[in-house]
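So that we are looking at the same thing, I have put the structure below in structure tokens.
Letters are used for the chains, namely A, B, C and D, taken in the order the chains are written, and counting of residues starts over at 1 for each.
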Amino acid sequence: MGNILNQIGIENYIFLSVVLFCIGIFGVLYRRNAIIVFMSIEIMLNAVNLLFVAFSTYHQDAQGQVFVFFSMAVAAAEVAVGLAILVSIFRNIGSISIDNLKNLKG
Amino acid sequence: MDTNLALILVLTPLLGFLVNVFFGKSLGKTASGAIGTVAVAISFVVSLLLFNQITSTGKGIQVTLFDWIQISNLKINLGFLLDQLSVLWLLFVTGIGSLIHLYSISYMHDDENMHKFFAYLNLFVFFMITLVIGSNLLVLFIGWEGVGLCSYLLIGFWHKNQDYNDAAKKAFIMNRIGDLGLLIGMFIIGSMFSTLDYATLKTAITGATNLNLPLLSLAALCLFIGACGKSAQIPLYTWLPDAMAGPTPVSALIHAATMVTAGIFMVTRLNFVFDLAHDVQNVIAIIGAITSLVAATIGLVQTDIKKVLAYSTVSQLGLMFLALGFGAYEVAVFHVITHAFFKACLFLGSGSVIHGLHGEQDMRNMGGLRKAMPITFWTMLISSLAISGVPFFSGFFSKDEILLTAFHHSIPLYVVGSVASIMTAFYMFRLMFLTFFKEFRGTEEQKHHLHESGSLITIPLIILAILATFGGLISLPGNSWLNHYLAPLFTKVAGEEHHLGTTEYTLMGVAVLGGLLGILIAYIKYFKQDNFPESDENITGLSKVLYNKYYVDEVYDAVFVQPINSLSKFFRDYIETGLSALVFGLGKVTNEIAFQGKRLQSGSIGLYLFVFVLGMCAIISYIFLAQ
Amino acid sequence: MNVSTILIILLIGAFATYFSGDKLASKVALLFSLAALGCSIVLLNNYNAGENISVINSWITQPKISFALNADGLGLAMVLLTAALTPIIIFSSFGNEYKNAKAFYGLILFMAFAMTGTFLASDGLLYYIFWELALVPIYFIALIWGNGDAEERRKAVVKFFIYTLAGSLFMLTAFIYLYTKAGSFLIEDLYKLNLSAFEQFWIFLAFFLAYAIKIPIIPFHTWQANVYQKAPTVGTMLLSGIMLKMGLYSVLRWQLPLAPTAAKEYMYIFIALGIAGVIYGSIVALRQKDLKKLLAYSSLAHVGLIAAASYTLTLDGLRGAVLQMIAHGFVVVGLFFAAEVIFRRYETRNIAEMGGIRAQSPKFTSMFLILVLASVALPSTFNFVGEFTVLYSLSQINIWFAILGGTTIILGAYYMLRMFQHVMLGETNSKAFADVTLNEGISFAVIIAVLLFFGFYPKPITDLITPSLETILQVINKN
Amino acid sequence: MNTLIAITGLGIFCLLFEILNLRKAIVPFTILGLLGVLAINFCEFGMEQSYYNNMITVSKFSTSFSSLFIVLTIFLVALSHNFYHNHPTKISDYVAIKVFLLAGAVAMVSFGNLAMFFLGIEILSIALYVLAASDRLNIKSNEAGMKYFLMGSFASGIILFGICLIYGAMGSFDISEIHESALSAELPIWFPIGMILVVIGMLFKVAAVPFHFWAPDVYEGSPALTTALMSTLAKVVAIATLFKLVSGMNLIASLDNQDLLHTFEVIVVVLSIASMSVGNIMALRQVNVKRMLAFSGISHAGFMLMTLLTVSASAGVLLYYTAAYALSGIAAFSVILYVCRDHDNEDITNFHGLGKTNPLLAAILTGSLLSMAGIPIFSGFFAKLFLFNQTIQAGYIGLVIVAVINSIISVGYYFKLILAMYSKEPNQERTGRPFLIYATAVISIALNIIIGLFPSLVLDLLN
């Protein structure tokens, strides 16, 4: 099959993923529930993944897609750790709102 | 040979000082006194030898020990110059010095620190000799400040009394003001002729063409300020009367006979400098005249016997400077010598009186001591006649010379000088009458102990009285041995011999009459109608002003001392604290910023991430803008 | 044998002292300081015999920093001052009991080590390192063994440290800048530089900041009085006797030759500043209640004069400055020791609580009086030689400098005699005052002997320092 | 390469030891193992090789930095013996995590491919998240972990996006290829953007202003040993990696091509000034020592950033600075661990009178603080000296003057601690002289002074 990007153009992909990435960022900035913050971060990562795939097709080169697997795996590991921390926090203070995490300051 | 002689001359008093300092207490009073006296006596003998040598050869001896201070363009060595002038000075310094040492043995016998007293006296003689025989100005300066130190130590000898200590401090500091002048003068001369050595300086100046006269005059003026400090001339004279706090022998030796004449010595030494600075000479003459008058007026009403003598010393010194101002150095020197004799005698006499009355110094509580202490009376009478210029006593010749010179140069100053000497005659005899005539006004208890002082005290008195009588012979008008002797020192022909014409005789007559007039007034006022000075509170009018010395001390205090002290307070309390506050302030500011910064670190993840993103956007947009 | 030997002796001494335990510490320290003194005298002989006693080894290759110690007359003179004062200072402390003495004396020796290094170093960076090193021990000495209220002391000492460090760091920057120009920190290479007037101005300023704070020149002196007062007297002696001379020495060795044009151009300003220091210091000293503070301000006045002389850029000025440095070093140590002697007996430094001591202790009085007179530069004391030369050099620049600077003669006499009168004279004090012990007497005697000897015969020192000062002047006047 | 494998193997062994019930032996064994690794690493020094088609490239830079990391890890492991003595069951995990973290660190300085770089940074970060939150019953520790995790993963997202853009621009992850093509004239704007994003991600890791906010909180919250790790190892790794990125991808040259170089330099200068000023000023008012050191770390990050201005020349300087900083940090933290072992906070008051109770430790802490403040003979001084020298030669005299002013400010808070130790009375008696802590402290400060007296040892490795 011919390169689909010739019809659509890489820029659109870039814009799409940038938009997705920004959505993720804003999610992180404005949501107070830790879980949702995690999800926003996931959105950021996936935006990047999308772009990776797009670029790899654009360059006709598989490395990009391989890299996506790396990033997915890493993301998974990260989230695992994150959730673990979250659980212990929930055990200690019974809430998962990051607004409660203001004891360390000054 | 000469070197050794000079060294003996200088070092024996120093040796005496060291011995008395380290072993004095263990030696016991008489021994330490004897050591002190002998030490000075030896120097006296040496000076006699030197005198003999000088008179025979007629040229000075230069002794150089070693390099002292090196400065790029002038090299100052530690050396001595023994010529007519210095030897002359040596003679009466060591001579009168040893007499006064002798006197002190008895006078200070009741003081527990007698050995210290003699140590200081010896140290003084040491420094005085250094001052006199130094071969350059800086060696003179060693002695100059050294004698100042000794006078500080001796004025404050009874150190438990803070008033005495104040007097001592005052003396030292006022001298220091003069010394600064002297130093500056040295600097100027040094930079002009790149030498401070008398001999080289003399050749340099006499040989020099196109001298920078204004600068030289400035130097001369500075030197004269130094002389003012040391020789208690206006405006730096106030320390001398206070210096009477010291034991009386000290007043006799330091504050009458020797140290205070250092100024005259220095000016005479540097006559070749002053001869070229005529304006300065006029200044000297005027200041001398004024000083002599002012001091004399104050002397009229003082009631403390030593204060009277002190002010008379100041006024006599003023007369000497009057002579110096007219370039009549030999005349000044002549008066220095005669003055040394009779003033020392007077002081020692007053000392003997005070000794007899166990420390009483106020003349209002004396009187009628003639019978009790005859020797003291007669010696003091002779000296008073001498100082009053009664004919054929030494003072008559010297003072007359001065007045003659003054007359030849400037009539007004001559008048001033004559008035001063009339006053001198008056207050001297006022002193005599109040002290020795009438009946005793002291307490009964004192009356019982009235007695003539011991021989150790009277012998010096007698010797000095003799000297005071015949001292004038060294420079008789007409043929003056002194003038011939000193002639080599002076560039211009030694002061024109007053061949005795009618003017001279009339002037002499006037002077004599003046003196007698003064004595007469005193006689009427204090002997015929027996009124004697009131107690302090009901002194009034002009005499109150005089009694309080024209309030000069108060003025100085208000104008100089107080401002400096308050300035010091101001600096200490405001400037200092302000400066350090400034430094601490920097720290405080940063701390304050830190404190505000802590607010930003609020602990909220949202904020942190927000700033994160903000920073990121800032950077990226900056890059886009830069493109 | 070369100059590094002194440093080694002192360094080993410092550690030996620390490990010798509290009992022996003071003795060991004294021993090593005397050894250093002996060593430096031997070196002086070798130097006069024309031997080369300098060291130079490369240390760091990139950037090029070398371990270079160069002992010319000036350096040796200052080393001798340090080596002579250290034993006196240590010995003078024998009367006191210090807790944790081993650290105390160790630090003293270490400081002596650093200061000696400063005087010897001929590589800019090595010099800077020693310069900074000297700061650390005095900081701890003042902090731990100091006196007075702890909080006050803390403030004073920290201020001192940060203040001086601030100055030095700018000097470091200047050095680095010079390095980028010269490609080496060696002093002779730095001397070879000829910088533009603009560069020189900033270099000069950077150095001046460092030295003005260290010396101190007004208005950078605010740390001084407090630290002098709060530090233990030994520390005060080290500070005022030697450390302060580090600054003055550095002016001669580094500041003037490295920025001669600037020095010439702004000479008058800095002379004026120094002289202002003289007058200001003397006046402030008049009304001090605390004996040590009074002495601190007096030394502010004296160093002001020395600094002024250094900036005259004339041989007389530099020579007088060095002479006066040495003289003042001895006198001020003696005076502070006198204050300590009084403190040992009366437990106070407040002048108001003293007085009437003379009657009880003639020996102490005489020694104290001699020191006082020396500090007011009475002729026949070493200080007079220094002060005369200094004032003369000033008069050569401008007679008014000499006159204004000369007021120190009057004001100095005023505050010193005033102090002496209130401390020593007057009605016999109710509290008993034991006369000086043998130890104290020895310390005083040594100082006084030095002052009097060189007062009459300063030639040895003059001959020692003059050649190196002339070379420095050549560098200054090279263009 | 072998280093990396060996380290990983060592980590696995640590886990095995737990299974084999040899807890006592873990710490000594790991230390020995790490020493062995260090030896291996030294053998690799000087050879330029790349493995697994350029995934890993061994160079002088990587080996010298790796050995620094290994040394630091040895110290940290040594300290962990006393630190975890009250929950022995966990010790193997913690030690193992530290070793894996080291693996990540080594990967980060020896990556030849952005994928490797990403993996390395993630290994490091995840390990750190775990360690930060490791004191799981302690709310502060939880909070620290959470904060670090959230912001860290956010940062990794940024980095990832940057990598992605670079890939988009270059069509490859391979550093050498990127290095080549970076010079080609027409590069899409993505490349600089991507680079900047990656750099920003790394700036977060080195805690440079304005990406520094996490540091003080996380440092304060995490267990002291973890703080030690973060403030020494993690920071050093991050700055080294950042340096390698900038130099390795030929960033300067390529920016120069598209005349963005000046922009970049301005950014670096601004960030470094901001970092050191904020770090120092904020540190002044801190009472918690860990927090104070966090801010001081921020300011040091600012200093280290100055090396980015002279990338070509200053690798050695960076190595020296990091070594000096990390060694003094280890020394300081080993004392802090000792002093605060049975306190729940690390306030300055705990240090009162340490000079009397434990003169040696007090001296060591003083030494390390002086080193950080940059007082001579301690390597910290020379680090600053070389850095300033480097920077002035590059012509940034203004920056250096700001840095100088900052080091003056820094003295203020370093000396607060010294004052507390020497001029206050002890408020507690401190018993026990744990050998490992003393040994670590002494050795690290000794190393610090040694490289201070002979800077060439370290400096010439990379010059």
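Just so we're on the same page, contacts are C-beta pairs under 8 Å (C-beta built on N, C-alpha and C of every residue); 3 or more make two chains touch, one makes a residue touch a chain.
Heads up on the chains, UniProt names are A = NADH-quinone oxidoreductase subunit K.
These numbers come from a predicted model, not from an experiment.
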| item | value |
| --- | --- |
| Which of A-D and B-D has more C-beta pairs touching across its chains | A-D |
| Centroid distance [mean C-alpha coordinates] between chain D and chain A, Å | 27 |
| Chain B and chain D: spacing of chain centres that average the CA atoms, whole Å | 79 |
| Centre distance in Å when chain A and chain C are each reduced to the mean of their C-alpha atoms | 67 |
| Distance between the centres, which are taken as Cα means, of chain D and chain C, whole angstrom | 43 |
| Two or more partner chains touched - positions in chain B | 587, 598, 601, 603, 605, 609 |
| Numbers and ranges of chain A residues touching at least 2 other chains | 28, 98, 101, 103-106 |
| Multi-partner residues of chain D (at least 2 other chains) | 146-147, 150, 154, 216-217, 412 |
| Every chain pair in contact, whichever chains are involved | A-B, A-D, B-C, B-D, C-D |
| Interface residues, chain A side, partner chain D - complex | 10, 14, 21, 24, 28, 34, 37, 41, 44-45, 47-48, 51-52, 55-56, 58-59, 61, 63-64, 66-67, 70-71, 74, 77-78, 81-82, 84-86, 88-89, 92-93, 98, 101, 103-106 |
| Complex contact set, residues of chain A against chain B | 25, 28-30, 32, 98-99, 101-106 |
| Chain B residues touching chain A - in the complex, by the definition given at the top | 598, 601-606, 609-610, 613 |
| Residue ranges of chain D touching chain C (in the complex, touch as defined) | 316, 355, 359, 370, 375-377, 381-382, 385-386, 388-389, 392-393, 397, 400-401, 404, 407-408, 411-412, 415, 419, 422-423, 455-456, 459-460, 463 |
| Contacting residues of chain B [partner chain C, same complex] | 21, 66-72, 78, 116, 138, 141-142, 144-146, 149, 152, 156, 159-160, 162, 165-166, 169, 172-173, 176-177, 179-180, 183-184, 187-188, 190-191, 564-565, 567-569, 571-572, 575-576, 579-580, 582-584, 587 |
